[in-house]
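One chain, chain A, links the two complexes that follow: it is found with chain B in the first and with chain C in the second.
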Partner chain A sequence: MENEFTTVGKRVVRSDSLAKVTGEACYTADIKLPGMLAAKVLRSPYPHAKILRIDLKRALKVPGVKAAISGFDTYGIKWGVFRYTKDHPMLPTDKVRYIGEDVAAVAAVDEETALEALSHIRVDYEPLPAVFDPEEAMQEGAPQIHKEFTNNINIHVNIDVGKVDEAMNKAFLVREDTFKAAGEAYAMKEPYAVVASYKNGFLDLWMPNAGPHVRAKALSNLLKMPLNRVRIRHINSGGAFGGRSEVSPGDLIASFLSIKAGRPVKLVLSREENATSTRQVHDIIATVKTGMKKDGTIVAKDYRAVYDGGAYSSTGPIATSIPFYVYEECYRFRNVRYNGYRVFTNKGIRGMYGCHGRAFLAGNEAQMDFMAKELGMDPVEIRLKNGLTSGEVTATKSKITSCGLKETIQKASEKTGFKKKWARTQRFKGIGMGCVAMMCGFPMGFRSGSSCYVKMNEDGQVTLVTGVIDNGQGNESLAIQVASEVLGVPMEDINLVNADTEATNLDPGSYSQASTFVGANAVKVACENARRKIVAIAAQKLGVKEADIGLKDRMAYSRKTPDNKMRISWAAREAFFRGEPIVGTGSFFPKIDFEREWVSRPWGQMAGTFSFGTSVAEVAIDSETGKVSIPHFTAAHDCGRPINPMAVEGQMEGSIQQAGVATIMEGNLWEGGFLLNPDLLEYKVPLACDMPDIETIIVSSRDPEGPFGAKEGGLTIRMNAHSAVACAVSNATGTVFRELPLTPDRVLNALQRKKGVKR
Partner chain B sequence: MKTMKVTFHVNDEKVTLHVRPYETLLETLRERLDLIGAKEACGVGACGACTVVVNGIPLRSCLVLTPEVDGASITTIEGLGKDGKLHPLQEAFMEKGAVQCGFCTSGMILTAKALLDRNKRPTKKEIIKTISSNICRCTGYKKIVEAVEKAAEKSV
Partner chain C sequence: MILPKFEYKSAENIAKAIAFYERYNGKIRYLAGGTDLIPLVKLRLSTPMAIIDLKEIEGLKAISHQGGWLVIGANVTLFELKNNNTVKEYFPALYESLDATSCETLQMRGTIGGNILQNTRCLLYNQSLEWRTARGFCFKMGGETCNVVPNARACFSNYCSDNALSLMALSASVKLVGPRGERKMPLEKIFSGDGRNPFTLMPGEILTEILIPMKRSKGAYEKLRVRDSIDYPLLGVGVSTKGNAGRVCVGGIGPSPLVYNLKDINESAFKDVAEKAYSDARPVSNTTLSPDYRKKMVSVLIQRASKKALQEGK
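Let's turn to the complex of A and B:
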């Protein structure tokens, strides 16, 4: 059965890699257009201040300046993903709410002139009291950041299933812990950049984005232009990790500057601006109370999680919910209460992150280990006992279809000798395990589905048109690989037109883990529709039944008598003769409960299917310095059938870096509203020398609805690698961790807390 | 504004330019010579995305002023392949799946090239140490190390 496919399931070279190894791949900052201007943005020096006046006159007089704008030049429309979160003006006119907020901008013949002009913009502010701690911001009398949101509570997600208090009272063992974690920096390699070119009433835009269609819609609203005149064009993206999902102030700025100047405008942010003024990751405080039966069954969970939301709503309702969901989609909770609060503070705008929620997730897992120990169980047993299985329904009523959680736990623990190592913990060494589930897509209304168009030219070469976007994960190659399999032509015969809102149709984008399950499924359906036409012609020409026709290596052949064959390109030409070319359209729409809403109705089917995974970290602590090292890391992942195992491994390995190793070294540092480590000298990203020996295990399952049985690949590990490391360090110190990242000082403190106890 | 005359070789081609004294090599390569393979990701020499090879040494072009390379011989990613054929490192990066978003790839390959040029069979440890000068945010480095190992095997 492993050989039933030609390219699916094979370690193929990604279609995008040739341009990237030769330096030809074009990213936004690489674009040059005739007459293009350089833009620069003036940013707020205050965390919270009233804007009294913005005067652009002197800036406009600087020779070489072609346009200058402030919020007073926009339509003043506020952006928000949801009807109840429209609070972000992008260029504010009333007040600034964080240091680094966009206030005004200029476009000039070159960057130097633009910078010079910025110094001539006059802004009068009246500083206001500011608040930086979410718990303080929730108190009566704290400075109010938005008048529409009392006590700065932006979002409150309340989920209450079963009888939590009753079950907690009856529980054999109850434990409550509070965990904190600093937000990480996305630190995508490419600093944010936008090119906008307005001509003849049409606006072309290039920027790293994780969903061109949602981006176009936002800008069409903010610019009061119809969708077919706001064209987000395809461009390579230097990493996203959740930080390129939403419309950015820079998009609006470059657009208005181009409209005003009548020339193309390029805005490239510095590394520091990318950190302070694009999206940031939420800092989180999570209190986890768990009740267990004597046999380790979780009988009740009671949560309070506070998310430092920064200055605006952003994807607030989603960010406030996701950590809970990826956990409840993994474990059986009969009685569970979740109170998630997202609170405004005078810090930068926050977004979703590939490793979002580490305080909550790692906290849950580390606490579970210590409770298991008290009950005489180990982490493997307790996870197997409480882990969901195929056919079960989650606490908020999502049915789990395919589920390889159990296999991932078993394989990861066998590979690492987990049980033995756990039972005989060596001094200053630890082992830990983290599990999670990952929804493959989530409800986004009619944007939850994807559509694809495919055509075959008379030479048998194929053009594939899909909204699927690639931020580096390999989604483009994935789409081509699926099409190649269905149409029986090699990958190099397929040209992809993707993520260009003029040509492509709606697609959910690459931030809800829907690209494989939804996007590639639509590609498959479209190609199957085109394939049927090829097969019909070939069957006729070869004189066999349609069911007997196979397509492979550019040939249509009889499966029974493979020598009876013809070129697929002949079928394409014949089709043109008949006036019915080989084309196909196809859509895929996941079976989701669209009544589901993040705040008002947090139940119903979340996604078409779920991925599962288990990470195991082995750590060693330097007892003198408290420095943690991670010599080994093992990850097992149920991603359905891997379309390209090499690409899935790459996602897993990257996740171990970005979530796992980050657990001991990454976190944004703040002094009030001032980000202390916005650049890559102060913010340490794991290097090759920081990486553990990595073992990745793909637990190949077959999802009944995924394309060729595939599901999301990689993010599952990104959402549990931090848990494995935090659990391993907790195991080594003998005490549940309290705060991430686990820097040497915190680890030493933990060892101190445990002092006197012989290990 | 006063400019300086600078002559150097890029990818075996002689270039003479008049540049401002404070122009960085990265700006010169990208803006004047359209060699966009070198990327600006941090601007302070922390990440290696702008690495090019100058007289056999991998340098961060964001930290080098163009007048400093007068008389030098520079290799950028665009000059790595010869006679329409990819360099073994380029092939290995593709085959091993060492490329994801691609923003660090040019710098990573050029850093590895400088290593292989002076040490044909580096140990895994040496490879890890060498490429630790460059940040990749996507791959976890495993497949990059494997690609360099593979290229080293091939070129022997």
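Let's turn to the complex of A and C:
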């Protein structure tokens, strides 16, 4: 699409690409510091047990061991994202609550010595009855995992808007289904790692994280150190997907070990530890009851969703809410009731996920298709009928300011010939559609905003300082691209200093889809402030009005007489002469209702704006084996104006893999409290050969508040790709799916159910 | 996960490798491609004092025609074998199983000998030492129980070589050389039927050659897996026919493959085998898909493979 910009909206090579493809990029495990020690963690072999005693004495005697700690060596402060969820001791002293929980740790001259030392730590446990199923855990008399949470109910989100029962009674068509989905593994390419270096009262830390400032604050609390002495430094990240938003036990362990040993400490988790002992994704059971008018209007929704939360709260209140919100931000619900329960079980801790809530979202969408069919409608019509439009307000009172939902539905269905294919019902072939909306940022109190500082050096090169962090999405390149556009210098002239808590200012981090809408907006404001100074000097020097000055290709020029121009670097030097260098600061704070609270007040403006998208999957089923293949996948996304269309497409493609294709293969398998597939062999991440042909469609809209009209790019597809696949399989089998992932055995059962074959 | 410490020795010939075996009192593992061994050592499922590398033994890398046999050195990589013209032209079942093994990158590393002698697998066995210690050791780890089937008296771990199935379908033999000399036997004789110790090889024996009768065959290999690459078979079926004789081999379920000789080559003969194999197969809950489903697929995959084999003939 043509636009008036030099860099924005262009398919530019991301600033981080070269280092990553050549292997030059440094990750936490690559860090080597003088005198650095290796740490290892002793983990709980029990799903639930009292800790009677932890004895580190013999471990400390192993030659080469420099420090050993257990929870008794910490301040015993419990971590929690919210005041009412502070339940995670990181290194427990009372009891262990899942297999793989951190119990003690050592730092030694090398990994082998550390492993040897672990075998000399003695822990006496008294095993307790454990519970692994959330429905069982909610029953009276089930083993209590935290005494503060009765019947193991960690979070109950109750939303009740309008008159649900009355509307349901009057509805022409009512349908209720229950959907289940196994929790997933984040399966980041980089297993978790942290380096801590304590010196002279200052602690430096490196780890893959999704928000350095919130991480530093948490550690400052847990270590009782002032914030300016806990420095989270910039490092490349091998993926987060929502699983690295919070402080991790490893951060605390490495920090205490470094403080004790007086030397830097590196802790690198194994692939298996990354799966069992960092974060996992919630298993979900969602019951969806929907009432519709004869014309397909949704008149009532009644939900009960149970989230298996594992052993601790983590981001519980958010996780219990998000699937509901991304759905209510997409469709018009006049009467809706949502009861979301997050329940403790003796399994690994569950966190937020980029594709969080697939049972709920795919369930809603698949059910809608079958109801539409009963009413003589198709998935396209029913979505267009119920989809929100710009200017409308959601059930919980969020105003939608820009909305391309309709266009994404239309374009995706036109491109795929959806209506025809859906109606034709070719044997063992199916097509399905998934829609969702995505908030760009959500309420995080004063942490919801971002600030940026920019300076121009005497050679006209730029240093950009922002808290924005990149977990692989391209946020760094995004910040540079925005600055490049505003300042009129090429991207390569900009050095980015980011995500380093002693250099950068507060930023919400990259887990609420705020990096573009909030972070890049702050960058834009800062650069505009710096730009004004360049423009003022250039106007004077060139003898034209400020309004006539343009900045491009390192030059300031008169728009009317482009030959009248000067180097931007001259303006920078002149500014130094005047004692007023070209610097700028800028902030952006989204218009959010800060009275909103996930549990106590679940209404009010959720975010500054919302992205929208539609995914369409086409599937074929092997009728004898039940194996699903996905030959084609089409995704249409309203991400506002794409800053870098190539980066948005990359995010969409990654989303189709991680959410879409994963729908037929990914799921954690459990035997009681034992995770059966903590590795990448038996946890089935889709491979290149499993990928469909992909068509990405960017529906370019202009958000009134987004930087250059941009919104979140990519996550919307991550949150609806599973729906498209589940709907397509349901379309092919002729029966609404029941459980994800759609492995061949389940699909074969569905085919036989439809045929009426007895099982 | 890091490797534990062990000594590493490279043998220039078979005699030297066996000498190393004796020097370390048998506490060694032979290394070929390492794609099976290294993960086992990392998981501490195998803790050898020394690893004896066989890769430098030139004699194990050749493919030759000798007296009516195609003789394949045990160290020939899966990738090289897959691209061998004789294999493509004479042994379609083997070509298909080689192509279905893992991914091309690993085919370039893994050897045919190592592929045949890979250890049996179980979802509750191929786990880290910490995981297994917490869960309790099973038969295969030297414990007293099976962790999959309570009160079972046998180990149900699965033999997951794709290529052994097609090789057996082709009536292949193997040559073994050990401290007590050399012997040759049909491939199916190397299986003990005991998941704890799945092979009948004698201590220190090295698989040196695989021999396939040089007769043009028809055949196919069918593999059940969730992903189309890298995955081990949840069930594998090799079918090969030569004239009026043929064989069907079923693997991926239990510690030794099922082998069926076909009396005739027609649809009903295959159907009989499919029915027989369906009732013989005893999958248990030790893979990512349910045993019921895997059992159901036995006859489905046999019929598919046989259809392909029969069609080829026309």
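Simple rule for what comes next: the second predicted complex is superposed on the first by the 753 of 759 C-alpha atoms of A that agree within 3 Å, B and C clash if a C-alpha of one lies under 4 Å from a C-alpha of the other, contacts with A are read in each partner's own complex, and residues count from 1 in each chain.
The rule is short, and it goes like this: a contact is a pair of C-beta atoms (placed from the backbone, for glycine too) under 8 Å apart; a residue touches a chain by one contact, two chains touch by 3 or more.
Everything numeric here is computed off the predicted structure, so don't read it as measured data.
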Check whether A:748 is in contact with chain B, with chain C, with both or with neither, and answer first, second, both or neither.
-> second
Touched partner set for A:26, first chain B, second chain C, both or neither = first
Which holds for A:611: it touches chain B only (first), chain C only (second), both, or neither?
-> neither
Pick one for A:624: touches chain B only (first), chain C only (second), both, or neither.
-> second
With the two structures laid over each other on chain A, which partner does A:678 touch: chain B (first), chain C (second), both, or neither?
-> second
Looking at the overlay, does A:473 come into contact with chain B only (first), chain C only (second), both, or neither?
-> first
More residues of chain A are touched by which partner: chain B or chain C?
-> B
Scan A:398 for contacts with chain B and chain C and give back first, second, both or neither.
-> neither
Using the superposition on chain A described above, determine whether A:99 touches chain B (first), chain C (second), both, or neither.
-> second
Would you sort A:700 into first (chain B), second (chain C), both or neither based on which partner it touches?
-> neither
State which residues of chain A lie in both footprints, the one left by chain B and the one left by chain C.
-> 270-271, 679, 681, 687-690
Which residues of chain C touch chain A in the complex?
-> 1-2, 4-5, 103, 123-124, 126-128, 130-131, 133-135, 224, 226-232, 288-290, 292-293, 296-297, 300, 304
Touching chain C in the complex, chain A uses residues 43, 45-46, 99, 111-112, 115, 270-272, 624-626, 665, 669, 671, 674, 676-679, 681-682, 684, 686-690, 743-745, 748
Which residues, counting only chain B, touch chain A once they are in their complex?
-> 30, 34-44, 46-47, 49, 76-78, 80-81, 86, 89-90, 93-97, 99-106, 109, 128-129, 131-132, 134-145
Can you check the complex and tell me which residues of chain A touch chain B?
-> 11, 13-14, 16-27, 29-30, 32, 187-191, 236-239, 241, 268, 270-271, 471-474, 646-647, 649-650, 652-658, 679-681, 685, 687-691, 694
